[in-house]
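Quick one: structure below, then a few questions.
The chains carry the letters A, B, C, D, E and F, assigned in the order they are written, with residues numbered from 1 in each.
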Amino acid sequence: MPMIRVEMFKGRDRDTRRAIIKEMTDGFCRATGAKPESVQVILIDVDKEDWGYAGVAHADRQPEG
Amino acid sequence: MPMIRVEMFKGRDRDTRRAIIKEMTDGFCRATGAKPESVQVILIDVDKEDWGYAGVAHADRQPEG
Amino acid sequence: MPMIRVEMFKGRDRDTRRAIIKEMTDGFCRATGAKPESVQVILIDVDKEDWGYAGVAHADRQPEG
Amino acid sequence: MPMIRVEMFKGRDRDTRRAIIKEMTDGFCRATGAKPESVQVILIDVDKEDWGYAGVAHADRQPEG
Amino acid sequence: MPMIRVEMFKGRDRDTRRAIIKEMTDGFCRATGAKPESVQVILIDVDKEDWGYAGVAHADRQPEG
Amino acid sequence: MPMIRVEMFKGRDRDTRRAIIKEMTDGFCRATGAKPESVQVILIDVDKEDWGYAGVAHADRQPEG
């Protein structure tokens, strides 16, 4: 009955999202012997303006362009 | 002082959202004797592309249309 | 597919916990038309030392005894 | 290695967001002696329609205009 | 910078916990190209009394012994 | 109405916990102009066995003793 929640930077495309869901599910099953049908995964996008590290938002650390 | 957080599929309309908030609050109070003013509820929409079950996103399981 | 998470003060007994799970589930179903089998609920106990309000832990506001 | 998550009403501007990240980080370090590089902060906007108090959404309590 | 949180039934032993952390991390990296040093994983144990499904706690569904 | 959640390594003493609650609350108020009575803080202890970084639990990186 695991519930896996992944917070990550916004902007990954749909195929990557599919791959994350698949990898999280399969990895949990390999580690524990659980069945895939027991595993849920939720992906949560976080804007770089909203994710701070060492007191500074990633958006302010990694100027795009 | 309960904080109730509801993750659910995106797309429910405002009246349904109101009803969920009301039901969660009243239900908690009935179960525990708490007062409604102590209860907070947060609703969190999750896209079907971002909610995986058994390794597959719900968006890929339940084609719309 | 809702996932309902309830953070509350530690110490409620098992029957109350059962009642909270039941009320959250039934309430969500009434509000949305969802089926009970789609609803999950997780209860999370929080110590009053670990829950602050207005800058002070509840444990320091409500001395027991 | 703390991870600080701040759920708040939607709509704060970017400078305020920067200030929150900075204050959370510095405050944690003052309280614990941790280094800023160990602290992460995530800001999460919640719509007033989605945040209920006493059974009613804040959007319905505080009509704007 | 992903933060992966795994809620699961209480009681898995330490080697299984190690394996879950490793699988979540490696799986995320395979799916996205991220580096392992960017990935954090938090494991959260939930008692079967505190995890409800269809309105009933798992502890009440799966009597042990 | 902010809700601030702090996940951190287990083991901080009660005075430190008080200080974290106070700092989070005051810092949020300084950054936003909110009143302390609107701020809640929840502290969540995470065991070093349950917090992974780069695929390895902190407990396995920092042997105690």
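We adopt the following convention: a contact is a pair of C-beta atoms (placed from the backbone, for glycine too) under 8 Å apart; a residue touches a chain by one contact, two chains touch by 3 or more.
Being a predicted model, the structure only gives us computed values, none of them experimental.
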| item | value |
| --- | --- |
| Pair joined by the larger number of C-beta contacts - C-F, A-E | A-E |
| Reference interface B-C: repeating pair among C-E, A-D or D-F with over half of contacts shared | D-F |
| Cα-centroid distance, chain B relative to chain F, in whole angstrom | 26 |
| Centre-of-Cα separation between chain B and chain A, whole angstrom | 20 |
| Junction residues of chain C - those touching two or more other chains | 1, 3, 7, 22, 24, 26, 40, 42, 51, 53 |
| For the chain A and chain E complex, residues of the former touching the latter | 1-9, 12, 16, 19-20, 22-24, 26-28, 30-32, 51, 53, 58 |
| Contacting residues of chain F [partner chain C, same complex] | 14, 17-18, 21-22, 24-26, 36-37, 39-45 |
| Contact footprint of chain C on chain E as seen in their complex | 7, 46, 49-57, 60 |
